[in-house]
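Order as written gives the chain letters A, B and C; numbering starts at 1 within each chain.
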Amino acid sequence: MVFTSDFSLATTGHGTYDISAEVGSAVRNSGITTGLCNVFTHHTSASLIICENADPAVREDLEAWFKRLVKEGDPIYTHTSEGLDDMPAHIRSTLTPVSLTIPVRHGQLALGTWQGIYLWEHRRRSHQRQISMTVMGE
Amino acid sequence: MVFTSDFSLATTGHGTYDISAEVGSAVRNSGITTGLCNVFTHHTSASLIICENADPAVREDLEAWFKRLVKEGDPIYTHTSEGLDDMPAHIRSTLTPVSLTIPVRHGQLALGTWQGIYLWEHRRRSHQRQISMTVMGE
Amino acid sequence: MVFTSDFSLATTGHGTYDISAEVGSAVRNSGITTGLCNVFTHHTSASLIICENADPAVREDLEAWFKRLVKEGDPIYTHTSEGLDDMPAHIRSTLTPVSLTIPVRHGQLALGTWQGIYLWEHRRRSHQRQISMTVMGE
């Protein structure tokens, strides 16, 4: 069995956006009891991560740490025509996943207690981010 | 066809733990000849990596390199209440996968000669790490 | 339904090699309309990434940025017998994926407009890189 569901997310700059509810809902709607759920984002300047879901400071620290690691305005960049935040966004989107595959058990996403699913926006401005879910199993 | 198998691994601090045998065994037990095997860990302070399996020094260097990149006690962190190693563990678990999908061929994991599968513990203390395998195919 | 297709790619040193056409072709040949395509490389010194496909400068900047982050000749390395570029290659292959799972829709890879699929060679010398594709769905 294969079930698909897509949605679009409006982002408003750098940071993580919780999509756990959308993905969990797709799994429940699929009618699939046991298998896998893939979540995919169709961009090269955003990512999908699984991260600690209890203390928002974790994701703020993650953002701060990545901003320092992948600097805007780094003189090493030659691809600079699309804005200061563009090349860092491509690097961040390479260092972190655009595709997550998560087990499905008992008709639900089998995430750990502290695991949330986040779209991570790597650009400053607002964007519409496309996300596709594919649930397969029996 | 879908086959699942889960296990728990006791870790004793930072470092890589070879789980290739457990994953290979699940694939053989599945009876699936051709398809995919997903391995997933249900935590935000551990990862799953595919790494060189011949010289243990590779994984020791990897640990040393990541420890220097993602420092304990970095003044950028605000999430500090769960220990010096906690925020670095979350960052390391974002920089490396928690989910691996590996092809199955001829009833076996189709890894390269030098590829091993490792759980990477990012915390100092002992932990029980949950790992779920999902084999799908025919 | 499960469809598999494998190929080998000759690389000639550091850099990204576009494999989008090969992966797209496997999906079309599979006859699968809806599902997932996994792409896997059987090595610990190369990766598979999804990256911006319009301006080659993006991938050149990515290469330059990673070369600076993961230095050759770093005194932290103890695994040095296989060449200056060997340990950096293992680190780079851990920081970036060796396995990509991409949705299939309408009998085609459902990539975003700006997403290309690249094998990323992390070693200086020529190599033959093995790539396996597994398409599952209906």
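We take it that a contact is a pair of C-beta atoms (placed from the backbone, for glycine too) under 8 Å apart; a residue touches a chain by one contact, two chains touch by 3 or more.
Just so you know, these numbers come straight off a predicted model, no measurement behind them.
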{"item": "Fraction-based call for chain C against chain B, same above half, different below", "value": "different"}
{"item": "Angle of the C-alpha superposing rotation, chain A to chain C, to the nearest 5 degrees", "value": "120"}
{"item": "Separation of chain B from chain C, taking each centre as the mean of its C-alpha atoms, in whole Å", "value": "20"}
{"item": "Multi-chain contact sites of chain B, meaning residues that touch two or more partners", "value": "69, 95, 97, 101, 136"}
{"item": "Touching residues on chain C, where the partner in the complex is chain A", "value": "34-36, 49-52, 55, 57-58, 60-62, 64-65, 68-69, 95-97, 100-105, 110-115, 136-138"}
{"item": "Contact set on chain C toward chain B in their complex", "value": "1-2, 4, 38, 40-45, 69-70, 74, 76-79, 87, 90-91, 93-95, 97-99, 101, 130, 132, 134, 136"}
